[in-house]
Amino acid sequence: MWRWLHPYAKPEATYRLVDKLLPWFAAFTVVSLAVGMIWGLAYAPADYQQGDSYRIIYIHVPSAIFSMAAYFAMAVMGAIALIWQIKTAEWAIPAIAPVGAAMTVVALLTGAIWGKPMWGTWWVWDARLTSELILLFLYVGVMALYYAFDDVRTGAKAASILAIVGVVNLPIIHYSVEWWNTLHQGATITKFERPSIATSMLWPLLVSLLGFKLLTISLVMMRFKNELLRHELHRPWAQKELSADKELSDGV
Amino acid sequence: MNSWQLWRSVLAKDLRIAARRRSDALNPLMFLLMVVTLFPLGIGPGPDILERIAPGIIWVAALLATLLGLDRLFKDDYNDGSLEQLCLLPEPLAYTLTAKVAAHWLLSGLPLVLLSPLLALLLNLPVDAWWALALSLLLGTPALSALGAIGAALTLQLQRGGSLVSLILLPLFIPLLIFATSAVENAGMGLDVHAQLAILAAISVLTVTLAPLAIAAAVRMSMN
Amino acid sequence: MAFESFGEFLQMGGYGFYVWLSFFLSFLVIAGVALDAALGRRRLQRQSQTLQRRKRRLAKRQQSPVKESTR
Amino acid sequence: MTKPVTTQRVNTDTPLLHADGVSSIRGGRVLFAQLQFALYSGELWQISGANGAGKSTLLRMLAGLLQPSSGGVFFNGHKLAAYRNEFHQQLLYIGHKAAVKPELSALENVFWQRRLGGDKSAQLNDERDWDVLEQLGLLGLEEELTGRLSAGQQRRVALTRLWSSTAELWILDEPFTALDVDGIALLQQRFKQHLDNGGSIIMTSHQPLGLADLPLQQLTLAPLQQEAMSE
């Protein structure tokens, strides 16, 4: 497998691969998101308890899941960068972090908005929302550290280490927050727990999950392409690639 | 060149540099947000307790966040000689330095005001008190920046002046804290807040007009 | 179809404001990330152009040495 | 204790800048005492002395950044403290620390130096700035952040002020530091121009100036004996 992967340590080859795959990912993102959203919003039945407000779940749950998955992916990239000294893996960190942070923000926003009709306030220190908030802080820390150094490689290494530390901490944070929450208030109904969800609601959720997965990957790819170009700006292939879309640059 | 243009040039230069070092301005804000998050985690998420202590938490966190950013206010300019050049301008130093203080306020005070609704939301502050919180920050933060600049200028020559700045400044911040939290609390209970806000405004006006003299004196002292 | 009419669909059983607000804000955030990536490419383009302009200017300068005028 | 001043007085009217009995005592140590010094238009002075002799301190006093422990500095016969505004309009001081911002590009640095130097017509991307940058061999680096340039290049960015300023009196602390041979030659050429236009320069330098046609005058700060303390 490593022999197969090895060429992709070369930025240009990676760029070509990502460039080729991105349109497919983008297209499937649009399709699956459209199907998932329309299905979830219009065709899935209303919840007998929460009415139609539960439809926020079709964004909230996928974005929450992929905000964590993106952090995990970032940590994996960090590990690869540290262990095998592969530069392209280092550059994946600034590509993934803002996308993951955006997913976290979406999960927080939808969670807060969902909370308003359910609990009557925009913000409740519910276990999942609290861990999402902490996750956002972790993302911010990684990004701040990455950009804090004058030398990009040092910054990438520092951010990699922090990402890995964060991933180890993530479950601990999650469970401690859950424990803290149950300790302090048994009264709050955990609305986000769905012990059994009807199949008619589950299917659109699964499609949305797929859509968000593809969306996350596509956004990361877009940013990753930029990172590759940024670090290779002095190379002829990058300059050629950038001057190819000339029609954009006329106004500059 | 008239002095107003010079003032704007100093301000514009500082803002441009801040745009190149975005994390310097953003880190104190994130710090503020995290500190505010720590309180519910430490005390418990009960809305009643949080509501009770919210004004104090937010203002204390705001004071700490302000202190974080102060260290760099004059330090870079001092280290690279730009501050010397400001001393050598025909315009009075006390006047040109207000441009730097204004830049500091735009980068630290104003974001605090804009962030305040979010903080209020996190700490379950009654909606009636939101505007009072924002207003108290809007009226109080100019004084924070001006007083902070005095502390920063006084400790310029020290290599590690960070903790000393806090020791100097926190006592000076106390009146602001008292009147601001009182205003927010009163607003939450539906009481009149004009007196507190008026006092805050008076403190700010007084500080912003008089502090530049102290800042300029401190900077000239640091030139030795 | 869970709704009788389009109007009902918009109302979401009384929860329309919350449902649509959360969809709208999520869209805004995600579109922001995508837009930033697109703008990032433009910024890179500009940087690349600056680099090439710099190269050209240096080449030109090597042909004709510094002119003498000062102000 | 009076220092011998090696001026051959070229004219007899009031000097542009003169120091009368200036002393500096720092941390209980006397750097120099009762210094007499006079500079006329069109003169170039080099202040030399061993490390720690107080060269930079003297320059900062002459620039009005430091108060002399005793004595006074006069510009056109007026005491500096009372004549600050006019003095600073005619003064260009470049200290050891060159006031170059690492976060700004070379072009932006030049622009802001012009702006803060009082030139309100200054624009970013000014043709004049491009000329200056070209003369100093910084072309091609103008959009690089200054912090990423080498020490010598950063020094060149700082020295662009000599080309853009209209000040009459230059006070320069070690202007040749970190410059290569080309840079030094360029700077000396600019000195000559400035002197020919009736300007004057006071500078410190470890290097002996190489140009014979520069009318150089020397002021040497010799290490003082402890006896000076008693004064």
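Letters A, B, C and D mark the chains in the order given here, with residues in each chain numbered from 1 onward.
Here is the rule we go by: a residue touches a chain if its C-beta (ideal position, glycine included) is under 8 Å from a C-beta of that chain, and two chains touch if they have at least 3 such contacts.
Computed from a predicted model, the values in this text were never measured in an experiment.
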Exercise. Could you work out which chain's C-alpha centre is the most distant one from the centre of chain A?
Key: D
Quiz item: If you average the Cα atoms of chain A and of chain B to get two centres, how far apart are those centres in Å?
Solution: 34
Self-check item: Centroid spacing, where centroids are CA-atom means, of chain A and chain C in whole angstrom
Solution: 19
Practice problem: For chain C and chain D, let me know how many angstrom lie between their CA-based centres, rounded off. | Solution: 47
Practice problem: Examine which chains touch each other and state the graph shape they make (line, ring, star, complete, other). | Solution: ring
Quiz item: Can you name every pair of chains that touch?
Solution: A-B, A-C, B-D, C-D
Self-check item: Footprint of chain B on chain A - complex, ascending
Solution: 112, 121-125, 130, 133-134, 137, 140, 144, 147-148, 177, 180-181, 183-185
Quiz prompt | Residues on chain D engaged by chain C in the complex (per definition of touch) | solution = 128, 131-132, 134-135, 137, 139-141, 143, 163-164, 190, 193
Quiz prompt | Footprint of chain D on chain B - complex, ascending | solution = 1-2, 5-6, 9-10, 13, 16-17, 20-21, 79-82, 84-90, 223-224
Quiz prompt | Footprint of chain D on chain C - complex, ascending | solution = 50, 54-55, 57-58, 61, 66-67, 69-71
Quiz prompt | Footprint of chain B on chain D - complex, ascending | solution = 60, 63-66, 84-86, 88-89, 91, 93, 95-104, 108, 112, 115-116, 118-120, 145
